[in-house]
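Shared between the two complexes below is chain A, which pairs with chain B and chain C, respectively.
Right, the complex of A and B next:
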């Protein structure tokens, strides 16, 4: 029993919570519009959770500045495009340069100067929120900068395979099915590379994934196309999974997480690897900032509020160990989907914002404690 | 070499003098008006109180409490709601203390017993506590007119009880860290967890103690802050945790625990007070204040590292 829970805790919780919300909302949550909304409204959790899972690979590392950094990127995007009238490509490049700079700075402070991650990112949490809100207040009197370039909006918040809302768009379904097949093929390929056989649980997983993806495709098809944020999300996840599992760099990272001392002796440049995780995290946060900016059509001072909570909750539920080691990106994604369902479900039921905070806090504490309970012998 | 030596031993004092002069000049001497100096103390009482508690928490091994600002809001909100419904002020104060102790005990149990990272536990509890506080306030700002409460915590004329509370909190931290045998254990645990455990120090007990102490001080800070203002509103205490943590790190407390003196923390709290007050006199908006505080937090830790150049326990 314990072994089963250890392996499939996230899946069990996911099934349980989904069922709970299906009952509580009276199957309202299963409507195509709401399934699309999970990805439309919560794409940020998926992208940030991927980054955070990478970040948490090495022990004691965490980034709580992401929510504020998203707000800062939104503000800067507004300043670039609406105030100084820069073209879209230039703005995007500038935003990502900003992201990489912050990643390098925080990574340098954490990996090279050995300032604990929580102190560094706590100061980022404070400073970027202040900076973002101050920028927005400087350039606008209403608390939001409007007038973002059309092409930017298209790139980060539009829909591809767009179809009429009334009719069914087969393009979206095809697209999702192709993604599902690619994912399954990749899974088979990596299993073969590792020399393990395709057993029953893998087959069940693949079939389930295929069914879920086709359901998502149908929902997208019924609601007017695939949201671009979903595509971005998929790109980030795919790149990360391949990077972590297939590249030497990723292997080093996992080694660093499993045992930093051994990794150092084996010749891994521990500091550089740690720095890279923060750069990656900051790039994810920048992408999220772009998506949020495009979704709101304006830079708002409320952008990114509590994103760090959602992300940490997603990682905690997804069994991303806080003590480093091999992280499963897939589980973090499942955790993110879970938080997305909880967010949507709670707002469908009409639960107060404050209750949502309370529930998410409790989720974090319980899932972290559970993770600890399963691994008790390892860390005592 | 000599300058470096001097700086290493007295950098806090040097920084304090420099920053005080800076804000003194910027405000054209307004900082040194008697009213402003009194204000400086009254408005930053919470920094002294919370920093004393945070100091003990950090000493036990880099454990932190991000939720103390939200807890100040929750404790104040509960007390004000009770007094609004006719509860006696003395009872309300007892309830405040109880809540502080309960919050601290929960934190301590999760962090000490289950070895959960304090940053995650207190981040989660920050969200929980803020949510409960907002539910209790219901979006309104509550005020108080209970005589006992205002007399004890308020800043009206008469004996300045609030000063006693600040002094008591700081003295308790001084006693624990300097004189009590428990303090030695706390230092030992923060310095080297493994050897401390091997030599029979009860880790769970000590971390429980540190967080319960923090909880009590949070309750006191809640009383002092709400008593001074006479109101509790949503959003109270959002930067309090940050101020307390910054005060500790400015005061030279090691981020991984086990090193640091309460005298440094007091100095750090004073410095935070001067910075807070100076920025308010300059009319800097809260946003820029947050930016500056964030930078100060990193600089404080960084300067400690650069001045000491000691190997950290982290890899």
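Right, the complex of A and C next:
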């Protein structure tokens, strides 16, 4: 029993909190439109938590600049597309160049100059919020820049396999089932490469994944299509998981996470690996910025507020900082889904905003304490 | 063995939970119409009070009302509007945190064919807005101009009067309406020379006050007083609202020795109403929130019952995509003689507050 809980503590917390909100909302949270909302409204947490899970691999690494950086990217996107009238592809390329530059700068300061991560990224947190708001105020007198390219909006927001909301769109279900099957095949393939057997718990996991994905597909089909942000989220998670498990760099990161000293002795360039994680985090934040810009249809100074907090919370309940293994990405995703369910559930119940924060705080501290309690012997 | 049982039972429970999602179909009683209200924050007193009053009024009429506050966060407001739609709202009343950024939530309202009423702040950058209820902002300015005209009887003035303007926030869509409303009434007298702007600052851009900020209005007034009114009187100071009027009256108190001018205002902020009673401000335009709530509730009724919706303006409010049919409520003015009666009889202030 304890062994099971220890292995699957995040899953247990997830199931418990989900059940709690299913009861509290009177199963309302399970309506197709609300299942869709979990992904539509919280795609930013999923993408950022993936980046953050990589970033937080090794001790004392964290990036709290991401929310402000999202605001900055939104502002720059507005400047590129609405003010200077650049084309969509050029704007996107420029935005990602900005993202990579910030990743290199912060990563260099942290990994090479040994400036503590929270100091460096706190500076980013302050500076990018200021910069973003200043940019928007410079180019607009109304607090937002409007006139974002239509093709940009199509690429980062809206639905694919769009169907009428009054009927069922089979395309969405097919799409999700294909994703599920690809995911399961990849899992089998990687197990085979490692020479492990496909045991019962793997089978159960695969069946569950398949059921979950088909339910998500049905929900999307009933609510007018697959949200584009869900597709981006899936791409980020898939690429990250494959990159971490398959590439040499990814393996170095896992080693670094498990034990930095051993990694150094084994010849891993720790500083370079650390730099890479910040670049990756910044790229995730840039993508999030694009998605938020498209969701707002305008550059707003309100973009990205508290994103870093939801992301770190997702990683915390996902137990990211407690692991050094490769399950981390999955755990971070589960953590992100959990925060998404809490956000949606509290909104559906109609809890006052201030109480939403209080309840969120309590759920996070309980779930992390539960996790720590179970793993106590392992870490002492 | 025990472990396996546990796993299997967990699996079964999870599958059952997930499957029940499929059965989550429409749950509401089709006879009860749902009205969703999305407001920026309940920390802002005005929205807190007005949304609660609106909710009570709608509930009396038999609607189910859901109010959500976004704590001044646009992402949160977008999600909340989406969730209101998911709760099968039949009509949405939205006060945007930021006018142009409700993007995907408005797209979803269009997709679900849900009418959106923009309450007092016009939602821009989308064609999802069905109606707009607000006060007649042009009229606010006209009333200020008219007040000045009548107080000084400009048609039969035997002398010239000096006037200065202090306008509102260039970022606020309504500030231009206030300014133009006032200037349009006074234009003939400015042209004929009955009114003279000594500072020469005679356009909205020159008179604007960023963010309606009191200190900025005061700074500008002090500069004008120092440069132009050392040896002559300023007779009228047309301020677009109360926060800027407050800045002007503070500047006058510090750096002006001449005859006290007529100062206009808007909103009946408590401190300004006290100034009116003390003679430091001549008037303020009063926009009774009860009127706006009445108009909005009536509009909801008309939409739900399928009647034609009463609007009284179909050409003024362009939101960047379309002209939004609007219902404009009539503002009135209060001055020293009538302010206590008007403001206390509708419950806007109590007698004690004004003493």
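Assume the second predicted complex is superposed on the first by the 352 of 380 C-alpha atoms of A that agree within 3 Å, B and C clash if a C-alpha of one lies under 4 Å from a C-alpha of the other, contacts with A are read in each partner's own complex, and residues count from 1 in each chain.
Assume a contact is a pair of C-beta atoms (placed from the backbone, for glycine too) under 8 Å apart; a residue touches a chain by one contact, two chains touch by 3 or more.
Note that this is a predicted model, so its numbers are computed, not measured.
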Checklist entry - Of the partners chain B and chain C, which touch A:34 in the superposed model: first, second, both, neither? => result second
Item to check | Touched partner set for A:352, first chain B, second chain C, both or neither | outcome: both
Checklist entry - Is A:306 contacted by the first partner chain B, the second partner chain C, both or neither? => result both
Next on the checklist: Applying the document's definition of touch, where does A:123 land relative to chain B and chain C: first, second, both, or neither?
Outcome noted: first
Checklist entry - Once the shared chain is lined up, is A:49 touching chain B (first), chain C (second), both, or neither of them? => result neither
Next on the checklist: Taking the superposition on A as described, I'd like to know which of chain B and chain C A:362 touches: first, second, both or neither.
Outcome noted: first
Checklist entry - What is the contact status of A:131 with respect to chain B (first) and chain C (second): first, second, both, or neither? => result first
Checklist entry - Touching A:180 in the superposition: chain B (first), chain C (second), both, neither? => result neither
Checklist entry - Just chain B (first), just chain C (second), both, or neither: which does A:113 touch? => result first
Next on the checklist: Give me the intersection of chain A's contacts with chain B and its contacts with chain C, in residue numbers.
Outcome noted: 306, 352, 354
Item to check | Residues of chain C touching chain A in the complex | outcome: 2-4, 6-7, 10-11, 13-15, 17-22, 24-25, 27, 41-42, 66-76, 78-80, 82-83, 85-87, 97-104, 106-107, 111-112, 124-126, 170-171, 173, 320
Checklist entry - Quick one: in the complex, what on chain A touches chain B? => result 60, 62, 64, 109, 113-116, 118-120, 122-131, 133-134, 137, 260-261, 264, 270, 306, 308-309, 312, 316, 322, 352, 354-358, 360-362, 364-365, 368-369, 372-373, 379-380
Item to check | For the chain A and chain C complex, residues of the former touching the latter | outcome: 1, 3-4, 15, 18-19, 22, 26-28, 30-35, 37, 40-41, 44, 141-144, 146, 153, 157-158, 165, 200-201, 204, 207-208, 211-212, 215, 218-219, 224, 292, 294-298, 300-303, 305-306, 343-344, 347-348, 350, 352-354
Item to check | Footprint of chain A on chain B - complex, ascending | outcome: 62, 64, 66, 110, 114-117, 119-121, 123-128, 130-132, 134-135, 239, 242, 245, 249, 255-256, 285-291, 293-295, 297-298, 301-302, 305, 312, 314-315
